[in-house]
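As written, the chain order gives the labels A, B, C, D, E and F, with residue 1 at the start of each chain.
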Amino acid sequence: MPLPSAFASELTWPDYDAAVRGGDTPILIPIGSMEQHGHHMPLHVDVLLPTEFARRAALEVGGLVAPPFTYGYKSHQKSGGGNHFSGTTSLDGATLVAALRDVVKEFARHGVRKVCLVNGHFENSWFIIEAIDLALRELRWDGITDLKVIVLSYWDFVDQAAIAKLYPNGFPGWDIEHGGVLETSLMLALYPHLVQLERAIDVEPATFPPYDVYPVKPEWTPCSGTLSSPKEASVEKGHILLEVCTRGIVDALITEFALARAEPRPMAQAS
Amino acid sequence: MPLPSAFASELTWPDYDAAVRGGDTPILIPIGSMEQHGHHMPLHVDVLLPTEFARRAALEVGGLVAPPFTYGYKSHQKSGGGNHFSGTTSLDGATLVAALRDVVKEFARHGVRKVCLVNGHFENSWFIIEAIDLALRELRWDGITDLKVIVLSYWDFVDQAAIAKLYPNGFPGWDIEHGGVLETSLMLALYPHLVQLERAIDVEPATFPPYDVYPVKPEWTPCSGTLSSPKEASVEKGHILLEVCTRGIVDALITEFALARAEPRPMAQAS
Amino acid sequence: MPLPSAFASELTWPDYDAAVRGGDTPILIPIGSMEQHGHHMPLHVDVLLPTEFARRAALEVGGLVAPPFTYGYKSHQKSGGGNHFSGTTSLDGATLVAALRDVVKEFARHGVRKVCLVNGHFENSWFIIEAIDLALRELRWDGITDLKVIVLSYWDFVDQAAIAKLYPNGFPGWDIEHGGVLETSLMLALYPHLVQLERAIDVEPATFPPYDVYPVKPEWTPCSGTLSSPKEASVEKGHILLEVCTRGIVDALITEFALARAEPRPMAQAS
Amino acid sequence: MPLPSAFASELTWPDYDAAVRGGDTPILIPIGSMEQHGHHMPLHVDVLLPTEFARRAALEVGGLVAPPFTYGYKSHQKSGGGNHFSGTTSLDGATLVAALRDVVKEFARHGVRKVCLVNGHFENSWFIIEAIDLALRELRWDGITDLKVIVLSYWDFVDQAAIAKLYPNGFPGWDIEHGGVLETSLMLALYPHLVQLERAIDVEPATFPPYDVYPVKPEWTPCSGTLSSPKEASVEKGHILLEVCTRGIVDALITEFALARAEPRPMAQAS
Amino acid sequence: MPLPSAFASELTWPDYDAAVRGGDTPILIPIGSMEQHGHHMPLHVDVLLPTEFARRAALEVGGLVAPPFTYGYKSHQKSGGGNHFSGTTSLDGATLVAALRDVVKEFARHGVRKVCLVNGHFENSWFIIEAIDLALRELRWDGITDLKVIVLSYWDFVDQAAIAKLYPNGFPGWDIEHGGVLETSLMLALYPHLVQLERAIDVEPATFPPYDVYPVKPEWTPCSGTLSSPKEASVEKGHILLEVCTRGIVDALITEFALARAEPRPMAQAS
Amino acid sequence: MPLPSAFASELTWPDYDAAVRGGDTPILIPIGSMEQHGHHMPLHVDVLLPTEFARRAALEVGGLVAPPFTYGYKSHQKSGGGNHFSGTTSLDGATLVAALRDVVKEFARHGVRKVCLVNGHFENSWFIIEAIDLALRELRWDGITDLKVIVLSYWDFVDQAAIAKLYPNGFPGWDIEHGGVLETSLMLALYPHLVQLERAIDVEPATFPPYDVYPVKPEWTPCSGTLSSPKEASVEKGHILLEVCTRGIVDALITEFALARAEPRPMAQAS
């Protein structure tokens, strides 16, 4: 019987329990942030996108999406513009580590043995890995040694073929894809009412020296807050990205968790 | 000019910045949990309800709703059934304290000086207060001494008149209102597609001795997970609750933050 | 052979060891605070009272009283007047959690398997429970899974019959029983030399809105520091309370720890 | 007007406030432990003794004694027999540091500017100093830079003349004065009903190699738990110690805090 | 007068004090790790290399090298082979953050206002940045707001021209430069006695999927522990790297710290 | 086959692994500090000396020296002059505890079962012991219960015969041996180029009252920073110390770890 929703939070506990008790159902946890994304996109891009990728992947493999982490680690200047912006609302590293550690341990207590962390905010990456390490350590102390965790950032599945289509004039590199073509195209395809492309500022790709300085020098970041221009974003590119990244995530889940593709089920709505 | 959304996360950073820079716009932070709520309601009741109250109040006073805390403190047996249930997914106390402390400090950095924490999960209460104390302490060290914080749980605004309408056969007390008439009526009024009242189990009001025991004794909690029966819940009662609690929250905001009621603005959708 | 003292701290280690090694002897840990209690009572009411209840219960069931926690969590305005008072000397939440966690683990190392936490300060409650959870978690990692913990606040055993005798003119509610009839009557019955009833201020019962504000608004708390008047306190009421609460605690211990009532033993002196 | 008690905890908050507000009244905080002290002495020697020294010194200089720390740091084998004994009930280092830091900060908030930490348990020493450092750091962040702290262990005031009287057959060194002549004599002078000298075991002075081993080797500690024999303890030696240590502590307070000796006041009872 | 050593640790405190008091002398802190580097290189490559770059840069700008961090964050599988190897000896993230935070604050207390963190271990990067953020925060609370910090990893200064010389057959990417041509060439140029190139294993460049799995799958890492082959390493390439990276670091210091190039001074020996 | 180096960090991982896997090879971890040592010695005395003792002992018993801890706990006024000096660069207690705990656990993961902590900085002592306790606790949770740890400070092996030779005019006590005859003689014997005896200040032995005061009173410490005069230091005394302390450490290792003396091996160079 298919689950009534891809979102664990929309299930009753008996339905959730039935789904996860045996350990076969994977849980996908979106990890986002509240971070400025230029003049044309809202502060929650990094929550919306991994949540949607998690939902699509969950539907394909019969998994469940956990409630997203709505706040993340501090924005770095060279990948997110810097944490000095208004709107950017971040956690200390230790806080993010503790929160994710706690949640992974709780899912393991329920019986979950397959966890996929779907990251939507580059700066979270290292703290996510520390959290996994601490969670696995404490679970080991509790005698649980068979939890398997995949951690991924959705953009890492964009392959050369897709890059060629997305950036016909040359790829500026992931480093400065903050509020640029990738994120904007995805938002246009998924949440067009939240994108105001007409307000986007057509900045040159940001260039940085090969080091960081603290306190950050605000003048290093383009005044828009984005690190490259979103002007070439489009719905079509969004669909290319949705397709390639979802496929990559699904393949990773199937490979690592030895899953079958799920029976098609009626698409649940994003809450 | 009215804000395009009650949700801070749906704003661009320049719009957010314009709204909060002067310190007059209040931020409402919903604090929830992922917790079992019986056989008839989903795991995210404690996120959905305070988020909706925050949204309604924000619209009335020109405030903004911050991203909700999607995980909360551990469920206590005598108010939430206990943390041993499947589906209940909780943070350590120190984790919740740290997360909320970090977020309050970030909003203060942006210029916010009026914060309202809208709690939807009883067990969060004491850790919320500790987080406020730590945030105010660190902000003081940063020279910020004019942040004002209101903390409330929405059900505390239900007055005797409403109780009489909600519980015509006698009020069992808030202690055991877990998954009962209050929460179920609100969910029926707001998210009926997430309520399966036909699956609700008509338990007697739970009775507990005047102490707690750890590890919890699972047999103390009704097998449904709710501490009282939701059978008398109704959409109408939900509307009574929506009205009385929203009014109470709005009045608190106006009184403590010296606010005016906002110009009516087009209702934003709950994301 | 009866123990020479109800206080573990007054025993030699061989006597203590003989008493606890088998796991049958319960340990009662009083958890107090240093907190203002109005113009008529000393700062240590919340230590003295739970220690005495623990002592009486220990004598009845053959248990031992651990050294009290002499400092507790911060005073809340609506239950203790607020932490801004002079004299009120409080711990951060994390500190109280750590201290209690450590001590519970140490008693378990000695062989204790029955621990009762006797709380005398409302605001400690949630941090006590977190401490138990962490202690049980770490003990589990050490292979100790049979520790049982009761946690109680002595006033929760006051039943309706006692309330009727204590508050013939109507019960104002536990919330504002800070430095009022309950605590003052108990102190009059036990430590009359520490009570200066003639200095008590006859305040109206405090009324608070259904939310909290931080920083606290000192004007919300009656200038006395108490939240209701102690004028109707009496030695007789103190004895009623001593009787009903001790009985309740003893019954809880006997029920949950499967104890027999102890042989009468010579009353040990409070140190 | 003399204070009604040397114990801060026995004062009402207005009396306490009047005493400390100006910053002139020193607060003495006894820091103890719950630790085995041989077959002849109770587990709370390290609380009782510094509390009594603090009380005597407070009476002489018009100071106040704070509630004692009833638990302390782990017993070291070469100074306290080791933490493996039953009855020895210890805190992690971080816990003791946090608790003392919190309390010192609270006293400073009340206006106290002269704090004396009276240690009764050798192993606490380094964590006390760390706590002071952290408290002074955070107070500095709060703009409080005039708090002065004395930290002492009472036995450090025993001079050569006293040693000659206490150990006519040669001084074995402070290192192994655990449960020996010093502590036993003081207890005999102050709390004779808590000493069972007839049960003392007449061990040879413990000898240890110039290093420590962990886990401890229980066979290194004499089976009594004391590190030297208490057989030569006496009431008279106790009085010598009381005199010399109290005088030393009082002199330190007068010198460092620029105090005058207090008017004689009626001796308050140890609670 | 030139400093007698580039190493702060080799100075007396008066010489150190004279050098740093005014705030002009930069301090360079090498941050390394103890981590396996294949069959041909020792465990301390990541300490030796940044220490030498720091020393060279310090000599050119009149700076001082602080004692290196000899342990670092856990090895990631896709950049360091994984933390499961024997020999790899790592700190928790929170530990590294705390240690670096403490040390930066201490240098600021001495008067240092220019700090450069010279990283030699990729996985340290994010924890270094968190440590800087926490140090700057606490220093701000102490009224110190003019500390400037540069953070860099030496390999980020290798430019395209150098890459062309180092990897004539194509650059495999920094990701898998663990124990490969870069590090091996540098070690050959600097510490040839610590390199046993004949024991190196000529592995194919490692390939990884675009995600991580935990616990790590040991079979993903080449059995050598390196992620690419060091066979093409040479002393000459080492000198190219020394030159280009030192120049880059020196330029960064001069630019950001507004320094002049130092008078040539006699080369101090690496300790 | 003898190891190619006494320093673990100079081994390849396969060589290290072969050495430690079976658990018989002891690891010696030098724990130092960066601390002022007067006008005549560098800041790293407390790293250099324990590292050299560890190296000598390792060569004699076939052990390995781990990378030293280059920063330590805060300097106390009465044993190190105080932490207010420029150059003294210290960690918080919790930081040192965490770092040492992590490292001990990692060595245990590799298979090491014999760890010797060689302390060179008095103030580290209590935090080292706490770190061991926490490491053993967590290792126990991982099922590792056979790790044995020796902790020592090298000067504790100086016997009466050596003292008579070192201090022919009377021994001032270890307490004030900071930058005095002991450390200076050792440095003269080992690192004469780092000693400038002509700059030493011939201070009288420092005298302190039997208590500490915080914030420290800088006038209590001799202006040199040393607590006694190094003028009587000599290379010969250094060799006496090297001999007696090395012998003591080696004997402790052999006794506690049931080791044989190692085959002589070619002396490895200190890196």
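Basically, a residue touches a chain if its C-beta (ideal position, glycine included) is under 8 Å from a C-beta of that chain, and two chains touch if they have at least 3 such contacts.
The shown structure was predicted, so the numbers you read here are calculated from the model rather than taken from an experiment.
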Co-neighbours of subunit D and subunit B - touch as defined: C, E
Separation of subunit A from subunit C, taking each centre as the mean of its C-alpha atoms, in whole Å: 48
Centroid spacing, where centroids are CA-atom means, of subunit E and subunit F in whole angstrom: 26
Sequence positions of subunit A contacting 2 or more other chains: 92, 94, 141
Touching pairs among all chains present in the structure: A-B, A-C, A-E, A-F, B-C, B-D, B-E, C-D, C-F, D-E, D-F, E-F
Contact footprint of subunit F on subunit E as seen in their complex: 8-14, 16-17, 20-21, 34, 36-44, 47-48, 66-71, 85-92, 94-95, 98-99, 102-103, 106-107, 110-111, 194, 196, 199, 225, 271
Subunit E-touching residues of subunit A, taken from the complex the two chains share: 74, 76, 83, 92-94, 97, 123, 125-127, 129-130, 132-134, 136, 148-152, 156-157, 209-215, 248, 252, 255-256
Subunit C to subunit A touching residues, read off their complex: 140-141
Contact set on subunit B toward subunit E in their complex: 141-142
